[in-house]
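Chain IDs A, B, C and D follow the sequence of writing; residue 1 opens each chain.
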Amino acid sequence: MSTSAVGADGVESVEEFRARARAWIRANLRPLEAHEEVGIMRPTRTDEEELAAVARDREIQKALFDAGLAGICFPPEYGGRGLTPAHQRAFNEEITGYEYPQRLQVPTFAPCAAVLLEFGTEEQKRAHIPAILKGEEIWMQFLSEPSSGSDVAAALTTAVRDGDDWILNGSKIWTTGAWWSDWGLCLARTNWDVPKHRGLTVFILPIAAAGVDVQRIEMLNGVKEFCQEFMTDVRVPDSDRIGEVDDGWTVGTRWMFHERMSSGSPYVTSPGTSAHHRIGPDWLLDIARGTGRLDDPLVRDLVGEGRVLDLVGAALHPRLALGMTTGRLSDQAAAIGRLYSGVCATRLTTIAFDIAGGAGAAWADDDGAASDVGADFLMRQTATIGGGTTEMARNVVSERVLGMPREAALDRGRPFREVPRGGRSGG
Amino acid sequence: MSTSAVGADGVESVEEFRARARAWIRANLRPLEAHEEVGIMRPTRTDEEELAAVARDREIQKALFDAGLAGICFPPEYGGRGLTPAHQRAFNEEITGYEYPQRLQVPTFAPCAAVLLEFGTEEQKRAHIPAILKGEEIWMQFLSEPSSGSDVAAALTTAVRDGDDWILNGSKIWTTGAWWSDWGLCLARTNWDVPKHRGLTVFILPIAAAGVDVQRIEMLNGVKEFCQEFMTDVRVPDSDRIGEVDDGWTVGTRWMFHERMSSGSPYVTSPGTSAHHRIGPDWLLDIARGTGRLDDPLVRDLVGEGRVLDLVGAALHPRLALGMTTGRLSDQAAAIGRLYSGVCATRLTTIAFDIAGGAGAAWADDDGAASDVGADFLMRQTATIGGGTTEMARNVVSERVLGMPREAALDRGRPFREVPRGGRSGG
Amino acid sequence: MLLELTPDQEVFREATARFLADRVPPEVIRRLRADPAGFSPDYWSAGAELGWTSLLAREEHGGGPIGDAALVDLSILAHEFGARAAPGPLASANVVAHALSTWGGEAHTAAVEAVLSGESLATCALGEPATPGEPAGIRVQVRADGGDVVLDGTARPVESAAGAGHILVTARVAGAAGLAQVLVPTAAPGVTVTPMRTVDLTRRFFAVGFDGVRLPADAVVGEFGEAGEQVERQLQVALALSCAESVGAMQTAFDLTVKWAFERYSFGRPLASYQELKHRFADMKTWLEASHAISDKATAAVDAGAPEAAELASAAKAYIGDYGTELAQDCVQIHGGIGVTFEHDLHFYLRRVTLNRALHGTPASHRARVTGIFENLKEQA
Amino acid sequence: MLLELTPDQEVFREATARFLADRVPPEVIRRLRADPAGFSPDYWSAGAELGWTSLLAREEHGGGPIGDAALVDLSILAHEFGARAAPGPLASANVVAHALSTWGGEAHTAAVEAVLSGESLATCALGEPATPGEPAGIRVQVRADGGDVVLDGTARPVESAAGAGHILVTARVAGAAGLAQVLVPTAAPGVTVTPMRTVDLTRRFFAVGFDGVRLPADAVVGEFGEAGEQVERQLQVALALSCAESVGAMQTAFDLTVKWAFERYSFGRPLASYQELKHRFADMKTWLEASHAISDKATAAVDAGAPEAAELASAAKAYIGDYGTELAQDCVQIHGGIGVTFEHDLHFYLRRVTLNRALHGTPASHRARVTGIFENLKEQA
């Protein structure tokens, strides 16, 4: 598969692995510039540039695979390295500050590949996992629907059996970059006459399949990263079903677990101190310096607050990960981290806007770090909506971590066909 | 009843009344000192001093009555002046900055006297309203119970018919100054076999009645203003019943309306800019000046925030009052004012604590305005608990003002006897 | 907005409301994103016919209020502008009309009449509000030179400067403590107008450079070097209109979101049945009523030239700045993903409150102003 | 507190937990409000036998950690103190033991041994933390005079000063930039100890005046005029212990309130079933875990003398200061009226987090410190 030095016992130690990764990264990857892609989903690339970036991500992934550095914690039988989370952490540390195949991490490696590993048939795994590790397949979650928001199990997308195939109809939304992706992991309703969770089935399908119409969604700041897919009589063979018929929620529960855990997943490369796609405390300093307000005690207080929130987050996430690993904390404690991250990100965005002062309302191209911070502020809530709302995280923390009574759900125990669905659809 | 000049048509105009009130107030009442009784329920008086203050309040009330300035909006047949809310507002303005019978306003005039006026028999009104207006009767609400918190209709205090009398047993709590008060307006359960709201009856009783044991509650800061009453076989004649048997919630609904509205009630004297029992923005300035921090931009920001919140509150309350008077806003909009006031007061207390800096942890007697601000901070939440929690206000705003669905109540339509009551009692 | 309008006010409001609904419905606003001016000239002149620019001007210039309180009437318009995220420099144009009509001379008559008729657009560069004891954020200098005045420096952001015939510029007098206001034709030599970017879809801002811009002395509005008070008055007018506009935007965002909460179901229940959301709606309703209240009170005080006008205007700006954006962002949150899409209308109102929060001084700078005013008040007491 | 204790740490924690449960249960703490010292001398000496004062001292003085990381072990005690709102100047006493044992000379041996054995109480006056570029809040001056040193000024608040035999005083060197630390016997002529009032029930603070207090030069701890770094280290120790204590108090307040929410019924339902409360519990749980995490991380860094120790300690202090009191106040709110009564235990923990928030620098002053450190860090990068 690939050539790499291993320890005397045949297992590459973390430090050996780290040294090998470091050498390869420095030789092959471009160091990032300071603050590359700072801000909240800024529309900085043309479509051509975006496609080129996707191609580069695939290229890096392939090169990593060839160098024996891909799929660090994936099983060797599907092309992975079969190493430990400690190896992945070492890799994360070494790749920090360098380009990496960011678009393949989430949702391709987790939750999609993680779900395939857990529920896929041997054929499915052999068909897709190696292709994923080589950068040949980028996967998307066909999960959210316009009508269902946080209530993902209320999917209206319907799959009807037709001989050896299934015919899918419906619409999925909030897929990141479906227009340049290859496969979708899709939750569909196969039975309307049982309660919500008991009539679902999971399928996989090529996004290029006949009947799949991918529409890009324009966000308020002009970015078109997200898509909505309209599926009309899409034919999927039964061999592309994941898990049992009508038992999709068994898959879905783990799917959502992997989604929640994706930032700390051993399948995912996530550089430690990446300032990408966010506003970090160093950016706050730059805005303050750029607007000449770094000596203003009010501004210094705001910078300090941002830095404190960031340092606390950096302490919190490892504590939660350790607690979940050792069983001292509930597996659901990941929702605590999600809640913290969301609240922290919206606060940092607000702080940036406040430090920018008048440049938050209107800015010139040469305003430096303060430029575009007003537009970031408009996008502030994406940090508490995307990837599961903070409201859902608070439900999880109170109900699953603290064991408080669950919210009354009027759909519980009721055939899904009869559940009230209100007068509107949306996102 | 009293002698006073009236206009040619026999009705005293607001301006005539104002002039008369002003002259009398300046001649008879003590001007307040700046910041007299600032802070959050500070334990500044001994019991003897408190009793002397109560006596002074009664004395002022009697003098106001004799001067024809008491009961401005109460009907003349019960000793009032029969004037308009505009007269009461003029009186409020004129008495601002002077001592006034603060302990008689709430709950004696509203909600208690207001409830008597609305539901009392002619005999009851003639027996009590004039006495109240003369300062002879101070009334308390026997409403909250240790077990029921915000759910006042879940009263466990029981009244059982015994010939022409009722026998009351149970406990009431959070009565302010019951130890120096005269009468209680009491909500009791007369039927356990119907749903909560349909088995209640309202009574009045002398607090000195046999079987009433008044215990003072010590708050965390040492103040003993609140009481709890234990009623053991207290005998109340049926002639002291208010409203119909088992129809106490009809009374209770209006009772609580008058309670919520008490700060703007035409029955109540409430000086406009009283700095009593709160921390106002001028106190923030004093703390900042006293701690030498008035030039610190962070401190100036906090003072400004406090002042802004205060100015906004002063604009909000008249808007709500006008809206409720003209019907442009729901009667329940009073809950908006309650919510604003509570949140504003806790924020001002926190600001004071922050401005005090280290003096919030430990202070010397000569620390001036910063003294005791730490203790005020400990009492901060009283502003969002007392007089109905802000949580209940938010329920009212969302359900009654915005018309959102009511919270599921597991006691609805269920005989009260069978309602789950949990394992604990408390306040 | 006031809870009760007079019949005249209601007629006035209704005319503009109908006009805006017809001319700039949401789909048009979405398209206007690409328009360099943010609106068409005939939109603005038709608005002028509805009285958008004339309320604060004297009758001899073709202006005049519809009732006793011109700024209160105008704030009803501003509220409607916010409620519909309407294009157009309402506050800037009215500040100019007010300033020229009140403090201008003969030389400004033609300009004020053109502004009132909507024939020409004028805008202003007021600078940031001054905190007591602190200088205002004004970076244009003016000096007298013979019979002329000469301006140097940069003013930003200036609304609609590219489409305006004149800019009322507030400048520091070189070598002295005072301020002067000068009406500068945008065509004057030495004036450069550079577009800026902004959070709003239809409002346009510019950095305006003045490089030795020489004008005759009668271009000066009011007394040279003595303009501090008139600038403060104009700033208060701008603050009052900006607040009324933000409150309008808050009201629409809130109404949209209440409607959504009733219609949108999750787990078989409408969002409006979830207690946590209900309580947030209660908070939002409180912020909204409080914002209406302080905006109206500040507007009335500014209109009356009351002593408390400066403090109330800054209090309104600080409160509405903070809570306006919090309310709009919470509306986005409750909408979920759809609330951050371009196709949804919600961001129109978020943009408007965001813009107004950072324009004419941030909430923090207005809190500092309030503290200074309050401190002086207490020292005098 | 750490998610996992070593068996030794658990034994150590458990011994103190049992002792505190036995000696200072809530009803005793309520009574100790009236005690001038806040605790009895034998309570403290028994605690010293359990190791309360010896962890940070060197073995030759009778001290020594139970594991590799003395401050981490001690922070477990501090957490227990907070969780039980226990009396006693744990942080002050340990700072003195640490300081004397590390930087003290022969002349301090008797004092350090007495502190370690619990035979005598010592306390310290560290002053407020210095922000980079700003002076620390220290109002005692010291000058060398012949073979003596002379102190003037006031230190406040100084914990347990009235019961202490010695105070380790941090002072500015007169006419120079440096600091010195001096171990001052409270019986020395010129020392006055005046009680202050405080939010805590059992902790006592004093203003200590120094009026020409003359001591031999060997009373100085460390180098005269060169004590800046040791003061900073001691301050970090105090911050770490104060944070661990606050987190303990937060944990107990939170646990009490979760229990209450399950047991207390309103409208036929437990409070824990109300979504709005559930979401507040979720926020509180998040603040709590975050506070544990940053407290532990800062403690480990201070223990190791790591370069990031100063920034982490201040970040912990700022975060826990703000969120500790918010959490405790929200616990009060959820309890309702009973939560502000003296008979309920909840205020014990509210007091402790309130005290620690305002002691050793406010959250705002620590944010300023973080900004300064962070700015230097970025400039070096």
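Heads up, the rule we're going with is that a contact is a pair of C-beta atoms (placed from the backbone, for glycine too) under 8 Å apart; a residue touches a chain by one contact, two chains touch by 3 or more.
All values derive from a computational prediction rather than experimental measurement.
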| item | value |
| --- | --- |
| From chain A, the most remote chain by mean C-alpha position | B |
| Interface with more contacting C-beta pairs, comparing A-C to B-C | A-C |
| Chain A-chain D separation of Cα centroids, rounded to whole Å | 42 |
| Chain centre separation (chain C, chain D; CA means) in Å | 51 |
| Two or more partner chains touched - positions in chain D | 270, 274-276, 278-279, 364 |
| For chain B, residues contacting two or more additional chains | 297-298, 301, 391, 394, 407-408 |
| Interfacial residue positions of chain B with respect to chain A in the complex | 296-298, 301, 408 |
| Residues of chain C touching chain D in the complex | 274-276, 278-279 |
| Chain D residues within the chain B interface of the complex | 128, 137, 156-157, 194, 196-199, 205, 207, 260, 263-270, 274, 276-277, 325, 329, 332-333, 335-344, 347, 350-351, 354-359, 361-362, 364-365 |
| Partner chain D, residues of chain B touching it in the complex | 144, 146, 148-151, 154, 173-174, 217-220, 222, 226, 298, 346, 353-354, 356-365, 371-372, 374-375, 377-382, 384-386, 389-391, 394, 407-412, 414, 419-424, 426-427 |
| Interface residues, chain D side, partner chain A - complex | 3-4, 258, 261-262, 270, 272-273, 275, 278-279, 281-283, 285-286, 289-290, 292-294, 296-297, 311-312, 315-316, 318-319, 364, 366-372, 374-375, 378 |
